[in-house]
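In what follows, chain A forms one complex with chain B and a second complex with chain C.
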Partner chain A sequence: MSKDKKKTSLRYRLIWPLRNEKWQPISIPVASILVSFIAAAIIILLLGKNPFQAFYNLFQGAGILPKPTYAGYKSMLTDFLQLLNAMTPMVFASLAVAVALRAGLFNIGVSGQMLASGFLATIIVGYSGLDAFIAKPLVLLVGMVAGGLMGGLVGWLKYKFNIHEVVTTIMLNYISQYVISFFIHMYYIDPISRQSKYITEAARLTLVNVEIANMKMNIPLGFILAIAIAVFIKFLMDKTVVGFEIKAVGSNRNAAKYTGIKVGSNTVLAMVISGGLAGLAGVTYYLGYFGSIQPKVLTNIGFDSIAVALLGNAHPVGIIFSSFLISIIDQGSTYMSSQAGIRQEIASVIIGLILLFSACSAYVKYKVSRLKDKEVDRKDSES
Partner chain B sequence: MMSDYIVEMKHITKRFPGIVANDDVSIGIKKGEIFALLGENGAGKSTLMSILCGMYEPDEGEIYIRGEKVQISSPNHAANLNIGMVHQHFKLVEDYTITENIILGVEPISKFAGLFPYVGIRNANRKIEELSKNFGLEVDPTKRIADLTVSMQQRVEILKVLYREAEILIFDEPTAVLTPQEIDFLLGIIEGLRNSGKTIILITHKLEEIKKVADRCAVLNKGKLIDVLDVKTTSTNLMAQLMIGREVSFESEKAPAQFKEEVLKVEQLTVKNEDGFEVVKDVSFTIRSGEIFAIAGVADNGQVEIADAIAGLVKASGGNIFLNGQDITNDSIRNRTESGISYVPEDRQRFGLFLDFDVATNLASKQYYKEPFSNKGILNKQEFDQFGSQLIDKYDIRSGQGIKTQVRSMSGGNQQKAIIAREIELQSPLMIFVQPTRGVDIGAIENIHKMIIEQRDQGKAILLVSLELDEIMNVADTIGVIYNGQFQKIASSESLTTNEVGEYMMGAKHE
Partner chain C sequence: MDTIIIDGLSFALPLFIMAIGGIYSEKSGITNLALEGFQGFGAFIGAMSAVLIANASGAAIEDMFYVALLFAMIGGMGFSIIHAVLSIKFKANQVISGVVINILALALTTFLTTQINALVFGAASDKFRLGVSERFTIDGLANIPVIGAVFTNVYPFQVIIIVIAIFAWYVLYKTKFGLRLRASGENPQSVDAAGVSVSKIRFSAVLISGLLSGLAGMCFAYSISAQFSSGIYMGYGFLAIAALIFGNWRILPTLGACLLFGFAKSGGMFIAQSMALPSSFTDLFMILPYVVTLLLLIFFSKSNRAPRALGEIYDKGKR
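On to the complex of A and B.
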């Protein structure tokens, strides 16, 4: 009997953070991450490998934990900076999804917006030979404007002709993918790499192979901007009239119209902001993380970002953490596969599991509240 | 233990955060009677019945069905005990046919060639047709829900519980959405069901309905059971008194009107609906300061469109609207609010409120862009909260967690209070009320009428659109009777009798 009681109290303490509604925005994503790591561990066990070893390697590869040996000019810091480099476009892309979500819109076209803005920035600034001080801000500007215009077009089509944004964004994904690959093949192809020609160092948003203390590092300038923009978006959505109106439209279009909010222009505005953020993701990806564009390929970041935004509760600070985690798994996967002999795809499985479990958060919330009711009933019947 | 009750609920207590919805309530319902539950919004009627239907479990208390103690853990369990609920807000799939909706969840499975299972829709159709004929609820089972009128949809809801062989039927505010003729029909159906041996529980706050059909009636107030009455020997006045815990005056007291300058002038207003059909034709009228102008009429005769056109929610296709002498016909909604229009809309959940926002945000949702709520585009959340708590006190808006309560979790009456509070606080010279008391209980109705008259006495011009003739006769100074998008008659309320207004409403009498 007493053993039984102990068990319930332990269980109670374990799920307490899940029960408390105030903690749910944090506890549910954390729980889904834990559960997915456990699930991944089982898979790795079934493969006959040591899961702890694998996870350890994952963090080593991402530059969170030190590796036993490093190649010349490399250290843990090198790996960590590379992690931030990869994470930067993910943060922007997820913010783009989140802003649209708050306005009740589903921007599934982040990939296309990234590609279009990356391409335009590449041909306008990337090959121009401008000075770094002019080129880098100009790249950001071109990316933001191009993405914003493309997002704005989606919003305008929705407002003017009531075309659903999911349809337009998917179509624009295809259009940009093939039109841009045509232009790359025709004018900008590098015959050896079969990609677009590399952009100048001056235009690149990541400083490549910078020598500091006898180390060669890639310094992602965009990362600082990403954090700053995330904080700005939080401020914009929570503390300003603009954010209030966007959220109002997202919450109830009819009521928004009734209170005098211009539903149409707010729809367009939200898509412009979302597209502009996607544009920043595009330039930090194609002109930062990479230095060229692979034709006929849409990056996965645009789609992963939907799930990353959901994992972060569509909240800017949450998004920083969720992109950080997903990028760790992404970046660490190569090292894990070489060290533990586990195929790289297992990393994708882990990411997939995390996103799957986090997508279940609504169900978890519901289940928890049901359990709560039940427990109260049981207590009553006991007493 | 044997008893003559088919349903017994003993000492039921149910708490929600901040509110005791049911406080030690005990009722017994006899087989084959119509048992009414009377109470204001938020009195705990719906919670009590949700417990009986297995949607909530009580914190304390016991339930006996046919003398046996049960713990109803889910709606399915309730259905197994032959308990069915006809919900106020229909739970139907619009794109499915009547049959598909009814069998949803209990699909009859047939087997093709004795092997491959499929849904036996044809048998179900036949069974539902039979059922509907037996109870006088004729429907065509193959029709899609989206093509049905509201009252037909309600029939489907009733058939749904009958199909599940319910013996105990709970009707939750069944007449709230119906026209007077449909109400009479429905009450007939309910009596028919009782006569065929079913037990009926009727949740309502309309006294006439109870008087008309119910045998006994339990009165709830603030979660407590006040009394169980025999309907035949109790006056409606006493019931109303018990329900709100004090005496009610069905007639609002008001001082004689004092009209001053003209506030609203509508000239030859024409409004087209989405199909390009003229629903308001060439309508002209004026409202003066200190005047309550009521538009009387049967539903869907253009009265809501007039209100929407004045507030700017729909475009006028012809004519002009003047507010304090200014032409506002082509102004934006925001500009009209600024020049002095308050609007309590008909559909409070779709238009009036952001259900997922908290009370404070909703109360400030028409002023957030102005000082002191925001300054240079930056919101001042403290001001929101302060304004919110001030209004919650002033207008007695009941919410579980104060200003942070999600509006969705509040009762309908309190949602309406929040809207009215917000609109009055705008201090607009013109106030539009469309169906301000729809789905609101008697106590609150009295309160809302008082507030409207108070606003009039402060010199506001008031446009009241209502389908309740009593309300109009009671409150209005001037009555415009609309029929088919045109005013049949505009006259002072003293010069018209209820019967006359009724005749104009039906288009039977012309000027």
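On to the complex of A and C.
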């Protein structure tokens, strides 16, 4: 009997963080990350490689841990800033998905909105030769407006004509992909790189090859903005009437309607905000991380961000952490594959597994609460 | 004109069978954005088996078509178990489960394709070469003007798809299973009250969607792309979802939507080619199916209504 009790108490302590409702938003994603790293370790073991070495290389490549040697003008800080550079559009895109999710809408068109706003900002500002102090804010503005309009169109079509937003966003993804590819091929192609011509340095949201203390590094200006916007979105959703109404429409359309909330305009508004955020993702990606646009290709960020938003519980602060993690795996994979001799594609498998396990969070919550109920029952029957 | 019909049909029919899979799943109340992943993974399993068997037996890869088709269906079905377990047993959010499955399918298949190519063939390649399946023409019927094109240069899979589609239509609308399936998407409590397990029905519906999507993916791999690579994830799964929503979750209107896509796509290509425009102009004509769909939806989607319990996790206690 005592042994049995000991066993249950051990199990108890192990799952305590999962049981405590206050900790669940953090403990469940962490648990799913751990489980998926274990699963990935098993895959790497099966390939006959050392998983710890591989994970260590992953963090080295992302600039979290120091590499043994660095090329000239490079250091850990270079890699880390590059990580933040890659992470910036991911944060914006996930915020875009999260805002739409709160309103009960699925913005699958983040990729298309990113491409359209990135393209417009490129041709309006990117080639203009404006001064940096005017060009950079203008890029952000153009991106936000273009994305917002495109998102707004989706919301308006949903409200006015009852067209499912999933269909509209998918169609708009294709349309923007092909139309923009056409314009790039016709007017803005760089014949050597087969991409659009590079934008001027002044318009770029990432300061490229800045020399500080004998190091060359890329400084992502958009990252600071991303953090600020995440905080702003949290404030908007939790503390303002606008956020409350959007959430009310998302949780129950009819109830919202009967309390006098305008469902239609809130649907459009949520999509405008979502699209605007996607636009910011677009400009930080195409005019920050890259500097040119590859025709006929939609980024995967738009789709990955749906899952990243989920991993962060569709909560702005959670999103910062989850996109940080996903970007580490993404960025570190090249170095890992060169060092450990494991194919780079394993990185996306790990990401897929993390997202898969985190999708099970509702089940974990349910199971754990069942355990709790059983415990209460047993105590009742004992006493 | 003939090429528009021939190419249009060979694109529309795989899309249609995938959309039927989606209808089964969504009619039973499970939102299914995972079609894209199912078709890719199914095509991967099919292509892998075809390549491996052809390698072992020395047969030509083009002849392995039916083997590939069979394995693709099994593969798609096997992969769809993840979506079924996540969204039915684990009560996960169905949209998120679907998106995650798409990401996982892309990651897994590209990883495994390179691994298998390296291990079995010792080549650093990220695709399986398949070739194009042979076509046939029905002599007498092909001579009829206009309609004759339907019987010219037909892929064998088109016949298979039509047969399966008719069977799927019969099962969904004329059998007890179909009735229960549709009821669990509208009012699952009533199905439960009749003594039928909602979970089982939904589970089988998702598996059917995986099976049909695997079939569709293999058809794309053996016709349009002639190979398996990550290029199979062209977004046709999402297009199928768009088609089934456009078709108001009913099989016959969905066929119309798929044919519209197919003909608009091949028609756009035809116009671009016949006007002898530079190749970048084809991009402009490629948007035709999507623009037409959006415009038509503006007129026709007022009466569109999703199954009532779509996307809801079944809760026995709910009234």
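Keep this in mind: the second predicted complex is superposed on the first by the 366 of 383 C-alpha atoms of A that agree within 3 Å, B and C clash if a C-alpha of one lies under 4 Å from a C-alpha of the other, contacts with A are read in each partner's own complex, and residues count from 1 in each chain.
Keep this in mind: contacts are C-beta pairs under 8 Å (C-beta built on N, C-alpha and C of every residue); 3 or more make two chains touch, one makes a residue touch a chain.
All of these numbers come straight from a predicted model, not from anything done at the bench.
Once the two complexes are overlaid through chain A, chain B and chain C clash, as defined at the top of the document. Applying the stated contact rule after C-alpha superposition, one finds that A:Y70 touches neither chain B nor chain C.
When chain B and chain C are set side by side, the one touching more residues of chain A is C. Legend: residue contacts after superposition of the two complexes on their common chain; A:T259 is shown touching chain B, with no touch to chain C.
By the touch criterion defined above, A:Y198 reaches neither chain B nor chain C.
Of the two partner chains, chain B is the only one touched by A:A248; chain C is not. In the superposition on chain A, A:T240 makes contact with chain B only, not with chain C. The intersection of chain A residues touching chain B with those touching chain C, taken from the two complexes, is empty. Of all the residues in chain A, the ones that touch chain C in their complex are 47, 106, 108, 157, 161-164, 166-168, 170-175, 178-179, 181-182, 185-186, 296, 300, 303-304, 306-307, 310, 343, 345-346, 348-349, 351-353, 355-356, 359-363, 366.
Residues 56-57, 59-60, 311, 313, 332-334, 336-337, 343, 345, 350-357, 365-366, 368-369, 374, 377-379, 381 of chain B are the ones that touch chain A when the two sit in their complex. Those residues of chain C that touch chain A in the complex are listed here as 33, 82, 86, 89-93, 95-97, 99-104, 106-108, 110-111, 114-115, 235, 238-239, 241-242, 245-246, 280-281, 283-284, 286-287, 290-291, 293-294, 297-298, 301-302, 304, 306.
Residues of chain A touching chain B in their complex: 239-242, 244, 248, 251-252, 254-262, 373-374, 376-377, 380.
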